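The following blocks contain the structures, represented as structure tokens.
Across the two complexes that follow, chain A remains constant while its partner is chain B and subsequently chain C.
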Partner chain A sequence: MSELLHVLVGQLARLGLNYSFLLESHASGKLLDGALTTLWLCLWSIVGSLLVGVLLAAAVTSARRWLQWPARAFIEVTRNTPTLVQLYCAFLVLNMLINQSLGNANPMTPFAWVVLVISLHKGAFHAEALRAGIEAVPAVTLEAASSLAFSRRQQLFQVQLPLAVRFALPALVNNLIDLVKMTAVASAIAVNDITYASIMIWTQGDNVIELMILILAFYGLLSFAVNCAGRAVEARLRMPGYGN
Partner chain B sequence: MATEHLATLWHWAPTLGMGLLQNIQMSVGAIGLGTLLGLLVGLLLLSPLAPVRALARLWVQVFRNAPWLVLIYFTSYVFPFDIQVGSTWVAFPDWLKVTVGLALPASANVAEIFRGAVASIPATQWEAARSLAFSRGQILRSIILPQCLRRMLPPWMNLYAVVTMGTALASLVGVHDLIDSAQIAANTVNRSGFTVLVYFSVLALFFAYCYPIARLTQRLERRYAF
Partner chain C sequence: MPSEPLIQLRDVHLAFADNPVLRGIDLDVHKGQAVSIIGPSGSGKSTILRCLTGLLRPQLGSIRIGQTQVDQLRGEAELIALRKQVGFVFQQYNLFPHLSVLENLLIAPTKVLGRNRNEAREQALALLDKVRLGHKAAAFPGELSGGQQQRVAIARALAMRPELILFDEVTSALDPEMVGEVLAVIRELTEEGMTCVLVTHEMRFAEEISDQVYFTEHGRIVEHGSAAQIFGDPVHERTRTFLQHALGQGGQRPSRPAPDVYRNLGRYSLSV
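Here is the complex of A and B:
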């Protein structure tokens, strides 16, 4: 493995790219740590955002006004404000308030705040995609379900959502790719993700371009993986006559 | 207590306003530059030459799949502080670097919007025009593009709102924008009540700027729906 790395670094040096920092255990350890943190960030916030998305979509399409209104307002505010500002409102403001009331007992780490904010942010986008999917379910299907004595909740979870997910899947996968890219904001509050690790390395050496190429490739690979997973799920869920 | 904080916020309002103007300046510059570049790349995407198309597609893929924050770091660390034009040195300020950093992904998105709009014109129009002996350039100029403009407007406005929200990242590379002003205000006053107020004001300001654009986009989409 290290042999291969040596050869690769040597080849890249010929192109004028100085990747020798990869051979130092300090820098490469930091990058590897960062890559792992980014992976965990993505995994947790993908799960979180999908949960938030389903809950918000259920609230927005509900017949109850007191559920519908707050959810609608939350989605509009979330979609029309920058993630970084939301992150600051959470980490610098809410975290400060929690710290003031609980002191050192504050259970929230910067990592947890990033997962929470990204989950809520992307959840709002998922909710919009799912809402469109839910509204695309034909009315006759719902009438058939209610004539079979399905309750409102059963209709949502057993009829509407399974169909809505199929309609919304391309949009959801798009959102998830966006989510992967969005995790880079974690570096703003010093979560040790791959972006932060690269900043730490390039402030000590003069290798911005090399590190940029490396992390762009990393994010590209991650988005590609999400895209492939999305395609696989789409193929698995495909139902003749629904979606495309 | 609350009125005291509001008074302090009023005192800081000019600073915050200047910060917001900086954000708006960057967003307008980025969408302008991004649109010009994007239309160029979009035209190359339609080129009959395969290598040109491949290059344009590479541009779109790279800049659409890169995190915006990483591109902003990229442009602000890679570009020099000043450029030599003739014999004079012209300063290359941070906000301009961020503008370029945002224009890159914006251009990739504009190219995709453009390609989508051209693809949405029925192929029969191309064939009909070809049968009337129009050349490829003439078809594009006088038949296809005029119809594309209207279809591109809603997604383009959407992109502008997204770019505006992207300018918030500028504070991370030291541009004196709205968020930076808010941080300075919060740290100078150093009262938790004021900190809450100032950050939520920033949220409200961005919302007040982006939400009308989003609503207008929805209205246009509905009107142009086919």
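Here is the complex of A and C:
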């Protein structure tokens, strides 16, 4: 493994790229840590945002005014303000307030704030995608279900949601790819993700270009993986011949 | 006629906002009968069927199916109990596009009636054979022709073993070649004694299979009677002109009718 790395670093040096920092345990350890942190950020926020999205979509499409209205307002505010600003607000304002009242008992770490803000932000986008999916389910298909004696609940879980998810899937995958890239905002509040780790390394050395290439490739690969996973789910849920 | 009708509508009124759609409908269907409702577009035919299965509630009048007073039903559980007895087949098939043909037939019997999956599966495959689609069990609705989808929809309704089936213009969305294959399935059902209420524009078919025919216009029953009477000797001028348009020029059969029409001529002694 380290043999291979040596060879690789040697080859890259011929191209004029100095990746020798990968051979130092300090820098490479930091980078690896950052990569792992980014992976965890992605995983948690994907799960979190999907949860938030489903709940918001349920609220927005609900017949109950008192659920519909606040959810709608939340989605609009969230969609129309920058994630970075939201993160600063959450971390600098909310976190400080919590600190003031709870002191050291504050359970929110910077990592948790990033997951929370991204989950809420992307959840708003998921909710819109899901709402479009729910509204695209033909009323007559639901009528067919109810004439087959399905209960409201069975209609929802057997027909409406399965179809809504299929309709919303391409937009959801799109949102998730965006989410992967969005995790870089974590560096703004000193969470040691891969972007922050790179910044720490290049401020101490002269390897900005090398690190840039490295982290761009890393985010690219992550997005690609999410894309592939999305495609796989789409293929699994495909409705052969639908819409022809 | 045997005593109590299975379906009985009395003076049923229904309006959408201030648009009166049903204005006093009386209708009887006895067990085992095939009853057709014919009439111009917008006359309220679909609305009658939707009232029968509780999708719409009349503002006035009484609807009874078997022991159930449909217009009095309260709450989801009671509607579900009714719909277990009443099958409905739609003009647009309305199959579940995310489920295979077999799953379309299995979902209601297993999830709603709680039937054993293996038994339900056997029955579903038998029903698919019956509508001559046994070889399509694994296909998805989107992969079938309109006529095939409609036959699946009929099999899906039958899988609930309903007391009666309502057909709402089930051939209207089909190419002429596919109409025959769907009508053949319905014909078979009526011959087996399934109670059927059909809204249809296929006059020839209605004439052939119906025990009773109701002609509706503007939310009223203009007249009803045996198929022979309605098609052969309608009382009302309006029925006469409607049938003239529906059947072709001047109330006469097309110049060269198919052989089965000659048979029908004898049966109903139509003047040509």
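Rule of thumb we're sticking to: the second predicted complex is superposed on the first by the 226 of 244 C-alpha atoms of A that agree within 3 Å, B and C clash if a C-alpha of one lies under 4 Å from a C-alpha of the other, contacts with A are read in each partner's own complex, and residues count from 1 in each chain.
Here is the rule we use: a contact is a pair of C-beta atoms (placed from the backbone, for glycine too) under 8 Å apart; a residue touches a chain by one contact, two chains touch by 3 or more.
In this text, all values refer to a predicted model and were calculated from it rather than measured experimentally.
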Chain B or chain C, by number of chain A residues touched: B
Partner chain(s) touched by A:Cys228 [first = chain B, second = chain C, both, neither]: neither
Which of chain B and chain C A:Ala13 touches, first, second, both or neither: neither
Which of chain B and chain C A:Met239 touches, first, second, both or neither: second
Touched partner set for A:Phe150, first chain B, second chain C, both or neither: second
Contacts of A:Val140 with chain B and chain C, given as first, second, both or neither: second
First, second, both or neither for A:Ala188, with chain B first and chain C second: first
Touching partner for A:Gln158 - first (chain B), second (chain C), both, neither: second
Contacting residues of chain B [partner chain A, same complex]: 62, 65-70, 73-74, 77-78, 161, 165-169, 171-172, 179, 186, 192, 195-196, 199-200, 202-203, 206-207, 210-211, 214
Footprint of chain A on chain C - complex, ascending: 53, 55, 76, 80-81, 83-84, 86-88, 90, 92, 94-98, 107-108, 111-113, 139-144, 156-157, 160
Chain C-touching residues of chain A, taken from the complex the two chains share: 138, 140-141, 143-152, 154, 158-159, 162-163, 166, 237, 239-244
Chain A to chain B touching residues, read off their complex: 76-77, 79-86, 88-89, 92-93, 96-97, 100, 177, 181-185, 187-188, 195, 199, 202, 208-209, 212, 215-216, 219-220, 223
